[in-house]
Each structure stands twice: as structure tokens, then as C-alpha cells.
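Below: one structure in C-alpha cells.
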């Protein structure tokens, strides 16, 4: 088995969350690589939609932004934002959304707005973009983030994108669709239990329960059938390095 | 009536200190040339409104043109932070700016309400989030139907004083063909009181009328038309030139301090008298690198009846 | 997955007695061939929904397929009454039909709410009119903003069981290019549970992908595709054939009595086994008379990036 | 002066209501002829919009319906109905709308829905189409109808398209824009007074006050400066007969 980087593991693991035929709202960076990897392996019919309004994109190279011209050329359709957000996302036509965030709490609520007080922030983050809508209207969201106590606090400073809010029932009663399906970090894969609380489903190779506990801001629970995370295959590593990100913009140079 | 103007005159005629300004375009067709002209003419106290402030508002903020920013995603897309935006918000440099914040759908829905002259537009967002707590414009109304939804979020109309938007081609009357990512451009044009339309090329009326379904902006909402090729660089015009992703990556370093940002503005904005000189400075090599191979659409037949 | 089917199979697979059916198209691209197939297959108890019932619903009503009509303008456009519609409403011939009535904007707003999965869409109509008194679906909500408007009319989503819509061209996956008057076609396709797309011609995927901004109906919302040239006659397909205005004028006489209407149905619907035979019966002379001179759009360049 | 038909007079008079630069929502029949006549005479910059979504139509021949292909070919723009009704009409971008109707009352309220009871009608009419929206959202509406007591009752059976509802103040308080500007019949031109009540502004040649009184279902008032209606010029008659309606579909054969 070849050596791989943390990012490559996350890309490959995120790709596994996608089923052939899924419609997915793709973000830049790791989600973009994960979707394109899935499309070239087990999910050739994956429908890739970008919040810029490109529907069924088939990019000949990896875009830097979610609005690069390569996403429009050869797409199935291109629509204005009112339509992408209204007729596609809000209408429930999108199965999977990818989200990142500066803070993620035990219910999968995400903060990408501010660190500190909203009106006097220590760090002003970019804000929602379409994240609030993606979190509210897709069937399942996949959250991707590095694992640290700062990232996974007991409570987020601002709920940009609702997860299970205060639990599965809470989310449902608010009329929100779906909810977080998995959280993929550089240490573990986490899922959500019947109450909607995040629990560790698998640990990455060479990561201990203690490592995860120390990097999580609450007393995180572990699944009864805790396993080891699937690692990237040689083919996947080749695809990522040679085809998807040949310049190593996203996957960096920390592998091999 | 629509006037065909030079950029400097279009801006001086339409923009005033303190106005609410919308520079349209989601990643695509961002009116950088117009933004630079606003900086050169030294406007102040603007409320800069855009879904994605992008580099252009980072530059306007650094130049001291803004007293407020209304937005939904203040990042350098695919790269990271907007550093000048953050300096203004976190440290008040070069001045404090007020923020009014939405998600993308909330902001474009506000434009849609403005374009349609509706008192509000409903959307299935914001429940379970902290937005309503910090933005009084986001409200909820009761659903008068018995279908399992008790209430829904609404946003009020947004009608910018001036919208500056770009399109690939238009006729002299301002009837514009757009293609590729159209984002929120059309809604901004219909919502604003005054509209400046900047295009890659002015074409004959017969070109526009040959395909009326593509005329997303009618000349009847346009106050003036500016022809300025490459006016979106480092953003792009689908079919005309590529997004200059290197420039977006470089901005992360250029904007690292207020001083380094000022140096860049001095050289690339104040140091040129307009887009033509900017392009000369950029050099043909870079423009050629951004040139896509052509890839024409299969025409449609409108029929001659 | 989208299936490419013959019309008879597309209808028998998707339509069931008692359903709410939307045949899309405002004057343009009306799916007459599909309507005739519904008559031939003898469906009953349909709730026929269309902004403009037009001749096609007059024929379906006369054939006894309808138990309800949901509409906003029940006239023969530019000519006068829909006589079969009136006989059903005024005299219960051949059977009573329930009516649910809107103005155009109300009905298309219902489709829009359905397409967007909103509990309601607001519109500045109906105040001062008698509609709300006779249609409980039209309601009013309070405006939560203090801008001079106290309340506004709203309509709930409309999600037909089946929408049958036409476009000029599509690929085998059902990605459709439409041009000319698109009316409410796209909203109907997005709002319905099941979508049958009928086209003048199936084209290569590369034709559709060469101009993605024109793909107003994506294959992902389409259940089956039927290729049937001239399937809209006596309505029309922009660039392919003209509206047969003589046929619309003649219908006023053909439909004068229930009996004369039945005779026409016997000859032109039951008397043919499908659109190809209908066209043969119509004759080449009439088709040639409806042929416009060609008038191609100036292509756009999407760029090959 | 040449002989003209009633319809030709109505067309020519309606055309006079249009100013150069107006944006007008055109209906079929007389309004269509009036708009096209205005465009070829004093209002070359008239912007013609049809409720089918054709914007700035420039038809090479007269359409039968408001959705004929000739309205789309060579138009400024063509938009879906959601946009024509939302971004143009509701947004207040249309100056003038033309309306007809089976019944018109003293406040300019129009019925084009039913004669008799709504649930058990004597005559079922086509209904609103876009008329309710046109009446609610344009700056001024021009109503065109033949003059008879049946057409002009004291009260309409159903308000399809609101005029001044119960008076100008009433309309304004309901948040409706503009209102009826003129009613053009085959006997007279009527306008609306300060209260929003219809009054006779001019009589057509050879029509008496009594003729109009007898053909109106309430005690209609006459303007203090009651005049005679302007009659069509020779040029206008030529344009109508030779260019606009050469087959006499709308203008019939009752003239000359």
C-alpha cells in the first residue's frame, strides 16, 4: 500500500459517501476533489451542481473557484442563482451537500461566520455563501474539517448552517430537510446517533481514541462497532495526484 | 434613452458619495474596470453591496470608498480571506464599515423582491440559524395554508441606487446578451434605480434581435452602456477570456498589509488612467494565456414569419 | 433515467384516470399530439390544468376526459369562446366539470411555488377583485415590514401529477433547448411529479451542451422523451412551423355543437392512429404553408477552457 | 374627409392615448391595431409588450393571438411568464394596458368572467387571463368596448379587473397602481373625475347625449367641456386598411 497524505485520505473517504446517481452540490477544495474522484471511479453518473448555477458540470480541469468558466462550458445547464437556489436546492433536488467550517458542534451545527462576538469579532470569517441553504435543504450533508479542539467546541459562536440544531427531533420540527450524514476529519469519521449527536464511527490508521478525545471540545462518544477508516487505494492516489490535482494545489506536498 | 459613454463619464454621471452600489456578477463578469474607476474618482461613504465582495470590494474598502458592506460571502473564492475586508471589520483600517449579512439565497432573494417590487420574498432558509438574531431584515411570516409548515423566513426588497453590471455583448440601446454563469446580474439590473451596463463589445441590433431569449437585460432598464474589452479582468467573460486564477492567488499576498495593498492600488489603479492602460501594463502575454479556444454554440432558428 | 418512447407508450405509462394533468405551453408549443393520444386512450376524470385551456382542452372536455378544469383564460385566443368548455360549464354537456380559476399570474405563481417547493408565493394581484371570494386557495398574509403595504395576496404551490411539455430539441437524456415564447413550460416541468417531454427533434448531446444557458429543462426532471415532429399543430414551434391560425378560426365553427365536435374528434383523433397519420391527413400543402423562412441566431462562444 | 367605420374611429382614438416612449401591454384586436397605428404615426418608440412574454415586439404582420411567432421573431427580448408578469408588469415597468370586458361599471371595474351567478352562470366568459394584473399594476388602462346598457351596468356581476373599486381613494388605499384613464366606445370617450367616476368627455360625431344615456346603465354625467371625438385622418384610415388589417379581420367591411 502506498503512502498517502491526510488530505488524500479525506478526499477518498468523502468520495465513498457518494452513490452513483446522486446529485451533489460541490464546494471547492477537498469536496471538489472528492466529487471528481467519485465520478471517475464508482459514481460515473454523479450529477455535479455548483452554487454559481452550473448544473451537471463536466470540468476538463479542476476549478479554483466555484464559478470558473470550465464549470459552465459543456455543462448540462446553467441557471441564474435565483433558480439554482430556488428550483434545485430549495425544491429538494439535491441529495448531497459538502460543508466545511471554522467550528462544528456536537449536533453538527456549523459556524463559518465569526470567532467571538458577532458585533466585535476576534476573527471575521467569510460567512455563509450558500452554506446555510445547503445545510437546510439537501438530503444529507458531509462535513469536512481538520480535527482540533478549537474546531470542535461544545458550542459554536454563531450557527451559520444548522445541523441537528438541538437534536434530530428539533431539526425535523423546524421543517428542515435531511441533516448531517458524516463528519470527515484528519483523525476520524463521525456520524450521528438517533438523537442527532455526533459519535465517532471509525478512526484513521494510527489514531487513538485519546487523540480524538483530546481534539474534541466535548466528551465525544464512540460507536459500539468502531472500526478503522478505509484508506485510499493506489488507483485513487494516482487519480488524485496525476489527474485531479497535478499541481498539488489542494493536496499539497506532504505525502510520499 | 440609453447613452453610450466612456467609463469615466458613466461613473461620474451615475455614482454619488453615500449611495448603495451593487457591482453585479457571481465570480463571472465582475466589473473590475468600473470598480477601479470608482476608486480613481475618490468616492466615499458607499454601501457596497454584493453577494461575494470578491477582490473588487476588497480593493474599494482598502481605498477608503466604503462605509458599509452588504454581502453573503466575504472570501477570496477558493483561496481564503479577503484581507482588506477583514482589516476594516476587525481593526477599523482604513475605516470602520457597517456590515449587513445574508446567505446567498437571502441576498439574491432581496434583489428578486426588488426586481419584482414585492414587499417580501419567502425562502426556506434561516430557521435554526443565528442570522435572524443579528439581522432585523430577516423576518418570519405565518403560513396561511395548513400544509405542515407553520412559518417561513422572508426578506424585503433591495433596490440599490446604482447597479453596475457586465455582459458579453449588447447593442447601442443596452439590450444585452449574457451567457455562462449569470449569477444575480439580471436581478441586480432590474432592482436598481440606475443601471450602468459594461460590455465586451457593442454589436449591431440585428445580432441581439436574432436571439431575443438571450436578452436577459433589456435596454429599457439600462441608463448607460460602456464598451470596454477585458473590463472584468481578473474575473472573466465566458468565451472571451479565462478567469485569471493566478491573480486571485497573488492577491492573498498583495493584500497582506494595508501598506502593500496601497502600493498595489497606487500602481494598478491610480497609476493608470483607465482600463486600456491597465491592459497595456498587464501585457499581451498574460492576455494570450487567458485566451480560450473558441467553442461556438449551435444556433437556433427563430424563423422569419 | 430518462426513456425515449413512442407517444402511445409515454401516455399509457404516465397518465392515469383522475390525475391532475398539465399540458404546458402558452400559445406556443402546445402538446396537441399528446392531448389527442389521451383522448384515444379514453382517460376519464382528469383535472385538466392550463393557464389557457386553448383548443386542446376544449377537445379533451368534449371527449369526456375531464371532470375538472383549473385555468386562467378559457378562450380561443383572438377568436372568441371555447365552445365545448362553455357547454360543459353552462349545460353539463357531455358532463359537469368543476372549475378552479385564477388570473394568469396567479396560476403561473402557483406553478412557481410548486417548482420551488415554497408553501406560498406572494403577488400584487387580487385586491379589489372578486377572485378571493370564489377561490379559497387565494389568501392574504400580513406584510411584516413597515413600507406602506399592509397585506398581500398569496397562492399555494401547484404540483401536477403529470406535466406534458414540448420543446424544440433535446438530447436522449431529456435535456431540452427551448426558444421563442416559453410561457409557463419550465415551471410546469419543475412543479410536476412526472414529466413527459415531447420534442420536434432529438439531437446529439453535443448540440445541447454547446449552449447550456438554453437548457431550460434538465433531463434530471424528465421521465420520458418523445420525438414527434409537428406534434404541436395547430399550435406551433418557433422556427419549425407557424401557428395555424386558420385552424383556430375554423374551430369556432367545428365546435359549434357537441355533435359537430364529436364528428371532428371521430375523424381527426379517433380516426388516426397517431401524429404521423394526422399529418398525412393534413397534407403537405398545409404543412408547406406553415413553413417559415429560416432565420438563424448569431451563435455565442462558450470557450473551450 | 373619408368615411370610416366605428372600429376605425375607436382604433384611431385609442392610438391617441399613447405617447411616444410609452411601454404598453398590448392585447389582440382593436388594442393591437391601435398600438401598431400609434407606432407608425406619432409614437415610433412605443414599446410593445405582450402577456405571452414578448418584450419590444416588432411584428411584420398582425398576430391573431397574443402569442403568435411573429411577436417573438425580432423582439427585443422574450421572457417566461413569471418574468413578464413579475419583473415587468408587477414591477411597475408598464405605462399603459388595454382592457376589454363584458361589463364595465361606473368606477371602471371590469367583468370578463361570468354573466349571472359565479357558480351557475348564464354565460361563462373566458376569465381574466392577465387582465386582473394589467388593471392592478399599470399606470393607466384604456378600456375599449361597444356601448350598450348591458355592457355598462350600474354594477358588474364579478370584478375580474379592478378599476377605481369604489372610488379613487379606495383604489389607492388598496395599494393598487394607476387606474383607468379612458373608456373608448362606439359612441363616446369617457374619462374619470376626481372621485374616480366615469364621465363622458367627448361624443363621437352624430351621437347625442341621449344616445349615450340610453346605452349606459346608470345616470352617467357629462364633462363641463364636453367635445366631439377626434375622427381618424385619411392617413390613419389608409394605414389601417392597407397595412395593419388588409384582410379586414378586425375592421370588418362596414365602412366606405
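The letters A, B, C and D name the chains in turn, as written, and every chain counts its residues from 1.
Just so it is clear, contacts are C-beta pairs under 8 Å (C-beta built on N, C-alpha and C of every residue); 3 or more make two chains touch, one makes a residue touch a chain.
Computed from a predicted structure; not experimentally measured.
Counting C-beta pairs in contact across B-D and across C-D shows that the higher total falls to C-D. The distance from the centre of chain A to the centre of chain C, each centre being the mean of the chain's C-alpha atoms, comes to 41 Å.
If you average the Cα atoms of chain C and of chain D, the two centres end up 28 Å apart.
The centroid of the Cα atoms in chain B and the matching centroid in chain C are 37 Å apart.
Among all residues of chain B, those that touch two or more other chains are 117-118, 123-124, 149, 179-180, 182, 213, 238, 242, 292, 295, 302-305.
Among all residues of chain A, those that touch two or more other chains are 54, 68-69, 72-73, 78, 86, 90. The touch graph of these protein chains has some other shape, matching none of line, ring, star or complete. Applying the touch definition to every pair of chains gives A-B, A-C, B-C, B-D, C-D. On the side of chain B, the complex with chain D involves touching residues 115-118, 175, 190, 208-209, 212-213, 215-216, 218-221, 302-305. Chain contact summary for the complex, chain C toward chain B: residues 117-124, 139-145, 147, 149, 152, 154, 156, 168, 177-180, 182, 203, 207, 210-211, 213-214, 238-240, 242, 292-305. Touching chain D in their complex are the following residues of chain C: 26-28, 51-52, 71-75, 77-79, 81-82, 85-86, 89-90, 101-106, 108-109, 112, 123-131, 134, 148-150, 179-187, 236, 238, 242-243, 245, 248-249, 292, 295.
Those residues of chain D that touch chain C in the complex are listed here as 28-29, 51-54, 63-69, 71-73, 78-82, 85-86, 89-90, 109, 113, 118-119, 121-124, 126-133, 136-137, 158-162, 165, 170-171, 174-176.
Put simply, chain D touches chain B in their complex at residues 23, 47, 54-56, 58, 60-61, 68-70, 72-78, 86-87, 90-93.
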